[in-house]
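Structures given as structure tokens follow.
Paired with chain B in one complex and with chain C in the other, chain A is shared by the two complexes that follow.
Take a look at the complex of A and B:
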């Protein structure tokens, strides 16, 4: 099978941001183990930072579909990360598939799934798979976020590319005179200043 | 150091161009939004919507099904039919996406009628040319419909002797006990138990509403979307059959989606119960037929990609409209993230590979072998359950009754050489 390269949470966030505020996007993020809390929370924080939107996490199997529908629409324009454990049965995936219309919303839906869950999803939820299309991202074993060393390296690359430093970046961001490049968003987020995006 | 002013201008222009493209190519945007934005090519399926609308208008009580694979454009055809009916016929078309109303997995006999009743009630109550006195007269009917759909609370007598038994609805006078209230579920509030309530309860109130509706608008046509999600023919029939018969008896024409599986295998007797079953096939991509390219052109896609890239996306979409729109959007995303000024062949190749990989995930080695054999022999037995599964999951596409092919993006992924570290 052709391999899919790994993405960072920042890049996934940039892609969602580019699609627009109310793009109704559905994407899948493939992770080694869908139940790992710290990675998931880190991913959520990065996505919230890039998109500057509240980002909520839902465990699909702990909700009735009525609860899920209600909560996903209140509000319906934030980012929703839906986590499915490997144990989500074929029947539940099938019911979830039937519910697709009821949970369609303006804000993006991120399905956070392990390899096993994706197998169950593709077998039992073809309507959801169709909405996802090729928006299929792989997050590395560390959850897709950078180590401190990788962050420092990336910051150096960005400074070299743009020819100005972190302080000037923040100053220009406050003056709103920065080009709207995805790399600029990434840079601000890496500095913990996603509020200036 | 880059010139910050020119960089800002160029960056903003580039971003604005890509964002406009992404908005035009949004595979998950509601179909109604795309229609209103003028992004739809109305003649893609030979103006099928006009035929559906005309039959529904001319033959009151006709039952028509629209069948097609996932993402083939069924909802768009239904909405175009509604628009056509509003513009060309003196009828009241009611579009209902049943999946947004109720949990389809709990859908039972009477649910479609209940949903229809609530929509018709709501439309009549809001109709400006519907006399106020008439609305008052129908108040009780509206209430009956509401109770049938959403249930009601009844006051019941519970005897002290009744430990775990059912409350007594009839007699509260002979034993000691107390009154309590019990919720009787309706047809639409999920999750639903499998109710077998007599459909007669809803028929009379519906007749009254239809009589009222016919005073100000000749006939009512119900357009039901979402029933194609019931992938198995038996489930579809169990939910739809009795309700559809009642619609026919009420002279309400029905246009409804249905799962593609009703055309094949055990499902192939289902069409006999309907007046017409219209198939929406995958579109053919080829040099002589530029229908698919017209989809890209209509949405302004050639502003950001060349004809070769457009043709590549058309080819690998397999003629599945949602896949085509999704591939175009994702190719633009790749181009933007990679710093390209427009979509390149490299971007299209990448998203085709990703789409193919997503179709390939979950396929067993036996299934892959079967797909390769099919591609080689060009033979496909639609009576086999495993092959129907291929059709339902869009791994195999149907171009006509005797022309089936593996999804080209999937085939390309299967045939791609193994990555050394994969």
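Take a look at the complex of A and C:
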């Protein structure tokens, strides 16, 4: 049965890690939509960090299958995240299914799919579906992002420590009369004034 | 062998360190954050003290061109729920700012504060990286270590954030 609980990318990476190096795993990561924004890049960063392996992203629909096969095997032991757009046609899914053996590799393959893409895959790529088995993971939020409240708390801490406020900080940054402390740089960044660094 | 000679030597070393710091390439800021998070989670597994790294480590993506990674309070004023804690009773906090540059990033500033348990000497180690050259590089070199004394700053090599954590976990803490 697919695990419908949300997982962090780190947890998904740890699952892959448990399978060992070069496990030839195929897994599906289910996302709200298959768009390739920051969420995908952050997922890639987390997987690469946990597995300590280079992790590449491939857009299935932007490559011929020959190109995809060639790139997936050079090298064949890193982590490959294959992104299937919602619009990947039934024919392309069927072709992808037929060439599944040609892209088998030592390194894991992560299929980054939306709900629609999974439906298309199930209907048109039954062999890939069987490769994946029950290795479905719903990816949760990135986590770790500083909230507005946490930022405000840090600003209060900085103002109390240095004994002057945000306006004076900016004024003194413009005059270049601030102490060289790392904390001062952090303060400017928290205020969105990295331009003054 | 005068103070002027020492200042001249310190200025040369500092200029070299600033050049190295400006040329020291890291992955993009979120990738650095991911590496630190994976590293700390792995290290926390070998520590009995509870450390929810997922909650402790914070990332703020490019505001005004700079990203910010932080763990724990900005200033150590005693143990807080936001510190990374060691079984020895020591605690860790740090803050990094990074500037994104094409498909890489560079550290602009860094501070890592490792506070030993009360009563131990030295009381703390703090590694700092500062951005702008100080007017007296003998007293404040670009990359330095405070060996438990606020006014003493000893130069240390330019390093990746994880390399500093390696020293804290494996050298100071002797974490297995």
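Please note the rule applied: the second predicted complex is superposed on the first by the 136 of 197 C-alpha atoms of A that agree within 3 Å, B and C clash if a C-alpha of one lies under 4 Å from a C-alpha of the other, contacts with A are read in each partner's own complex, and residues count from 1 in each chain.
Going forward, contacts are C-beta pairs under 8 Å (C-beta built on N, C-alpha and C of every residue); 3 or more make two chains touch, one makes a residue touch a chain.
Please read these numbers as outputs of a predicted model, since none were measured by experiment.
Asker: Determine, under the contact definition given at the top, whether A:177 touches first (chain B), second (chain C), both, or neither.
Answerer: After superposing on A, A:177 lies in contact with chain B but is clear of chain C.
Asker: Please indicate which partner A:23 is in contact with in the superposed arrangement: first for chain B, second for chain C, both, or neither.
Answerer: Once the two structures are laid over each other on A, A:23 reaches chain B alone.
Asker: Looking at A:8 after the superposition, I want to know if it touches chain B, chain C, both of them or none. Which is it: first, second, both, neither?
Answerer: After superposition on chain A, A:8 lies in contact with chain C alone.
Asker: Figure out whether A:186 sits in contact with chain B (first) or chain C (second), or with both, or with neither.
Answerer: It touches chain C, and chain B stays clear.
Asker: Going by the contact rule set out at the top, does A:151 touch chain B (first), chain C (second), both, or neither?
Answerer: Second partner only.
Asker: Can you tell me whether chain B or chain C touches more residues on chain A?
Answerer: Between chain B and chain C, B touches the greater number of residues in chain A.
Asker: When the two structures are overlaid on chain A, which partner does A:50 contact: first (chain B), second (chain C), both, or neither?
Answerer: Touch status of A:50: second partner only.
Asker: Return first, second, both or neither, reflecting whether A:139 touches chain B, chain C, both chains, or no partner chain.
Answerer: Neither: A:139 stays clear of chain B and chain C.
Asker: If you lay the two complexes on top of each other, which residues of chain A touch chain B in one and chain C in the other?
Answerer: 180-182.
Asker: Per the contact definition, I'd like the list of chain C residues that touch chain A in the complex.
Answerer: Chain C reaches chain A through residues 27-28, 30-31, 33-35, 37-39, 41, 54, 57-68, 70, 73-75, 95, 97, 99, 108-111, 128-132, 134, 140.
Asker: Enumerate the contact residues on chain A facing chain C in the complex.
Answerer: 8, 10, 13, 38, 41-42, 45-46, 48-50, 143-146, 150-151, 154, 157-158, 161, 180-183, 185-186, 188-197
Asker: Help me check something: in the complex, which residues belonging to chain B touch chain A?
Answerer: Against chain A, the touching part of chain B is residues 1-2, 4, 7-8, 10-12, 15, 18-19, 22-23, 26-30, 70-71, 97, 99-101, 103-105, 190-191, 225-226, 229-231, 322-323, 326-327, 329-330, 333, 336-337, 351-362, 392-394, 413, 416, 418-419, 421-422.
Asker: Quick check on the complex: what are the chain A residues that touch chain B?
Answerer: Touch list, chain A to chain B: 1-4, 11, 14-15, 18-20, 23-26, 28, 64-66, 94-95, 97-102, 104, 118-123, 126-127, 129-136, 162-164, 172, 177-182.
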